[in-house]
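In what follows, subunit A forms one complex with subunit B and a second complex with subunit C.
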Partner chain A sequence: MTVDINFIGLIIASIMASSVPLILASCGELITERSGVLNLGVEGMMIIGAISGFALMTVTGNLFLAVIGAMLAGVLISTIFAFLTQTLITNHVATGLALTIFGIGISAMIGKNFVGIPGKEFPVLFGGLKDSIPFLSPILFGHSVVFYFAFALPFITNYFLKKTKIGLIVRAVGDSPDSASNQGINVRLVRYLCILYGGAMCGLAGAYLSMIYTPQWIENMTGGRGWIALALVVFSTWNPIKILIGAMIFGGLTIIQFHMQAIGVRIPVQFLTALPYIVTIIVLVVISRDSRKIRLSTPSSLGKSFYKDN
Partner chain B sequence: MRTNLKISNVTKIYPGCIANKNVSLEFESGKIYALLGENGAGKSTLVKILSGVIMPDEGQIFLNNKALKLNSPIDAKKNNIGMVFQHFNLFETLSVFENLIIDSNETRENLRKKIKSIMEKYNFSIDLDIPVLNLSAGQKQKVEIIRCLIRSPEVLIMDEPTSVLTEQETIELFSSLKKFSEEGILIIYITHKLKEVMSLCDEVAVMRKGELVSISKIIDEKIETLANKMVGQNLKTIKKKKLSKVSSDQLIKITNLNFKSEDPFETNLEEINFTVNRGECLGIAGISGNGQSELFQVLSGEIISDKKSIEFNKNFIGDKNPQERREYLMAFSPEDRLEQAAVPQMKIFENVALNNFKSSNFFKNGLINENKIKQHAKKIISDFNVNTNNIELKSQFLSGGNLQKLIIGRELITSPDLLICFNPTWGLDVGAINYIHETLIKINEQNKSIILISTDTDELLKLSDKISVIYKGKLSKKMNADEVTSEKLGILMGGGEFD
Partner chain C sequence: MNLIKIIKRDQPSRTIFFLTPVLAIFLTLVAGGLIFYILGFKPFEALKFFFIVPIADMYGFSELLLKATPLCLIAIGLSFCFKSNNWNIGAEGQLTFGAIVSGGVALLFYNQEGFYILPIVILAGAIGGMLYASIPAILKTYFNTNEILVSLMLVYVSKLILDYLVVGPWSNPEGFNFPETRQFSDSARLPLLAEGLRIHAGIFLALAAVVISWFIFYKTYLGFQMKVSGFSLKTAKYAGYKGKKMIILVFLISGACAGLAGVGEITGPIGQLHREVSPDYGFTAIIVAFLGRLNPVGIIFASLVVAITYLGAETAQIFMQIPKYTGQVFQGMILFFLLASDYLLFFKIKFIGSKK
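And then the complex of A and B:
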């Protein structure tokens, strides 16, 4: 049996496409968490992004506007979270959970009128080069701009955290908000911005799902990807490059187990469905075993409220 | 140019307590000033006002006759006031260099050059590219000092800088501070340690209960006069304990005790052997980090050891946990009061019940007998002079001295045969130290025994009957306290020997 080399390329491309929303949401949440804020509302922000993007696309017909609108919707809903946790000093965990429940509910409400409406085709880049190189072409060419952005994002995030002054400030705030405040850094402002950025990325991840990956609106269409994104952040030990690896493994196993179910491999379906979750976590735990490095990249103040006493 | 810093009529009131009341002070560069006071006397508040962390309710600060408005730490920095806090303001997971560049506007290369030249000038050696959490306390402090020096400050304020330093590091710090002072930096040194004031400073201001009680030159003062000003009463100076008649009745015997740790930051204990008789106080001296905390944990049962290695009252208890050891009438007062000895978020009376499960009737059918516990707590508070009458107060709001009295009281009220304490007076003010010392002496007089692990040599010489020195996890021979001098202890603590 000869395996078509282009077919493998196509499978890899589809794996990459399925990991895009995970990478976007995880990298956004990573910045939020690095500043010491635990936002469990990822799933909620993603689904809000998904419905906003799809609704704007249907109503205005302008794809660019829809993508930007989805990101702004993510920012908007994360503002609620930021206001509650940073200004009113509520508990991060409870507020984040509430945000997810709120997001799923309100997206279903708005989405009622958009069920069953077909989406639009999203323009791809380098579409003409699709058949130029065997194997590599389907991986490299013919994807949306969001796709390319997603695969650049972990490296940008890594550079931002390690090499830029603002990245340093974000890490400092996550490490010790008290010290940062005593150094004259506005902790609340930094955390606000990090939360809003996380919201924007989750909004974009949602828009990718409803506008590009499966261009339609289905209720609850994020299907737990927000939780996976959260898990990726933790198990990657707050390292953007490992997020990329984790997202690819998860995406890959999800696709492969679909194919295995389709060809009828005699393994219980439940086990196959659970496989991506288990393997992703195991791999990330194994590659992140160095406890010293974990200590260095874990934001020490994660999930702890900060308030200045006077 | 000479620097002149003036504090004028500063008042700061917190709900229920006046932290600073009408404080006025003036400082001139070229001298080292001490700001002396007990814990809670208002020193830290004043310092926080000077560094812009908090704002005063009334009063003003003048630098070189210019009124300063310090609304935030940035303002203090901009006005060339540098500050090294008692609790370091460092980012543990960032590298030393990242810690320093975060509030600097210079380029990486320039800053690195600047730091290098500062380190050369003052003989600091710190690797700039390792994370701060790998540094010792003394090195961390140097990073803080470098951070101030980068901005060439006119004023440098040090808040209780030696509380975390070893003796050697303290000596180094003092010589650096003297150098800074010679170069024209105005230095304000906040402390409650009298000896340091005498050896380092030129002038001293004493604070008590939020008010300034005296300003004087060091040459006009003695340790005793300063102590009296600080506490506000004539201290009964406890004389060195007379060697009481120690009975020959052996209470605890440690045989071939070993402890091997997997954590590279812990010290292994090797072949520990000693005995303590009834009514005896055995002092264990040593520079911190030589196995004291491991020894304490092994003795208290936090670390379980070989059953036969600890014989207490003719029972082998090496494999017993702390709770079970308490049943055999042992009591423990750990070093870290807020982490190990008490639960900071729990109320006083709840903390009191923590060490006392079985023999008390605090609990009935799994329910808490609150009245009983509260009575018990009140008894401890009055018996042991804890300065509060609110047993509902969370223990984190007690001052160090009061918390220590509460803990010692909690341990002693069950009248144990042996009290093991680890740095019982660490960070306390003179009044509280005296009280704790008197209490410990009283225990011995009641024919009970003490194992006192302490890094404070004066304390050991004052309280112990016998002294051993721990060095790199090994314990020296027991010596009679009256034959030991600080010099001899110093040699042993440094790993030396004499006959």
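And then the complex of A and C:
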């Protein structure tokens, strides 16, 4: 029986691995949205991170540099969004869409010389312990540092928002920018920083895809994960811990789909692929029906521009 | 010593409202040239390949109209939503579902001919688009659900439904397992406008949409209500407008237009259903709607400008070996610059000479 238990452990580990980019991007976007900014550019920022990480890895050969570079690329591209929405007070939805469209295009342009180049092996932690405990070992050991970071991130984010002063400021800016501003908080600056942080996490999520999960560059390789990450934030009702659960469900559906195909279950693949999107819509309906609940959990100023006359 | 002073305008400037799209296109060309230069191309030559070569002959120009048709049609529909503050960004899904429904009807008649077939197919597409758009609309009005996310999620669902159908139950029995349906009969195809060109009668649907929407926007009470709701939902409520009814109506109009665009694609140039009925026309049309200032006539011009980026990307792929996604770089930049230059609508920038 030990063989079966190990197999289940391996499946769980692969579900966790596929949920890593979702967790990273969602936690980043969650902070952005908590400050009252809706950035629909997640997909664009992720793909920029993916190509930047892969390109830097190929050119410099330094994995650490590549991961940091991908995060910086995410920051850089989100600066465009921050400048437009915060300084030039543009519409969040339209600007975010432009960011995604632009990001997919520019990443393909940069990436044209990197198509077909094999990636490098990314070092794993605790690789030696891989066979020490049945079932648990594949789940706990032998993953990249980004993997461990992703699973710590929801807890860090939760602590940051609930227990730290800066977290409180972020929430205040999102829930009531006017009163926050009257308290002497620089709303625009806080929102700038939250947007850039979101960009960094999306960049990291992209780098995970192109450097660790499937180490290669393919045009448009994020394949809609950015949109799922956005949906996850709503799914979680802006609660980082629930992002973890949601990401595991979504990641799980992706993995289970492969295994069901392998054992020949007669459910159309397309139905399983569509399931996360349908589930998100259902969850959205359920949480939105109760207007009191949505008002309690949604950042009140989400997607609304803030302008202060000097 | 502040040399520039920024003053908030009392009222948005009307002249600048229609000038900024031109400014945005100009800035996009400059930035695009710069990007080409950084990538090691001669900027002017590259821009020529992108924006002039593709439409230099009759065939190129007809291809431009072919690509502009769905963009214009969808953008007209979207402008109903955007004007009234409804963020339908799932037109791509409504297009796909419209294509599925009309394609299904066309397949029913695959071995029949008759004048009545095409109208039924077209109607089916519009209904399909409307049905699909009604989902975010109903969820928004009765369950308070965010229409941005719902309409977007449905895009993926529609593409997967299409994928399932063309691979499975609807795939051509004599098609060697290719993911495509049978060819539609000639009676289910939109007539071509000229021999040897792909341009089809769908362009008249787009032009009709332009005229009808212009009339609704500027000559009817509904148009006025939409405008008021767009400016301020509170005012609309105070004036006693039936908000829910309007939300559903604008989504239905928008869905019908997107569905018709889908019909135009599959009964025009494609002639069957396969996996890719639209190269993201539904998303690109959002840019067209904004660039055209949600004005029907503006949208005609905007759809032509944005359609060039599709053709340009294809030419550039052949002549300069750059990926076809380059078109999206230009589309993204147009929207960036347009939104940015909107700043001039609300703020005046004054240059003040330095005082000693």
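Throughout what follows, the second predicted complex is superposed on the first by the 289 of 310 C-alpha atoms of A that agree within 3 Å, B and C clash if a C-alpha of one lies under 4 Å from a C-alpha of the other, contacts with A are read in each partner's own complex, and residues count from 1 in each chain.
As a convention for this text, a contact is a pair of C-beta atoms (placed from the backbone, for glycine too) under 8 Å apart; a residue touches a chain by one contact, two chains touch by 3 or more.
Just so you know, these numbers come straight off a predicted model, no measurement behind them.
*Asks:* In the superposed arrangement, which partner chain does A:176 touch: subunit B (first), subunit C (second), both, or neither?
*Replies:* first
*Asks:* Pick one for A:297: touches subunit B only (first), subunit C only (second), both, or neither.
*Replies:* first
*Asks:* Is A:102 in contact with subunit B, with subunit C, with both, or with neither (first, second, both, neither)?
*Replies:* second
*Asks:* Comparing subunit B against subunit C, which has contacts with more of the residues in subunit A?
*Replies:* C
*Asks:* Return first, second, both or neither, reflecting whether A:84 touches subunit B, subunit C, both chains, or no partner chain.
*Replies:* A:84 contacts subunit C only, not subunit B.
*Asks:* Quick check on the superposed pair: does A:5 touch subunit B, subunit C, both, or neither? Answer first, second, both or neither.
*Replies:* A:5: touches no partner chain.
*Asks:* Examine A:220 and indicate which partner it touches, taking first as subunit B and second as subunit C; both and neither are also allowed.
*Replies:* second
*Asks:* Quick one: is A:184 in contact with subunit B, with subunit C, with both, or with neither? Answer first, second, both or neither.
*Replies:* first
*Asks:* Mind pulling up the subunit A residues that touch subunit C in the complex?
*Replies:* Those in contact with subunit C are residues 40, 44, 80, 84, 88-91, 93-95, 97-109, 111-112, 219-220, 224, 227, 230-231, 234, 268, 270-271, 273-274, 277-278, 280-281, 284-285, 288-289, 291, 294, 309.
*Asks:* For a test of understanding, state which residues of subunit C touch subunit A in their complex under the given definition.
*Replies:* 8, 35, 39, 87, 89, 139, 143-146, 148-150, 152-154, 156-157, 160-161, 163-164, 167-168, 283-284, 286-287, 290, 321-333, 335-336, 339-340, 342-343, 346
*Asks:* Which subunit B residues qualify as touching subunit A in the complex?
*Replies:* Against subunit A, subunit B makes touches at 53-55, 72-74, 77, 85, 88-94, 98, 101-103, 131, 133.
*Asks:* Help me check something: in the complex, which residues belonging to subunit A touch subunit B?
*Replies:* Those residues of subunit A that touch subunit B are 165, 168-169, 171-172, 175-176, 178-185, 295-298, 300, 310.
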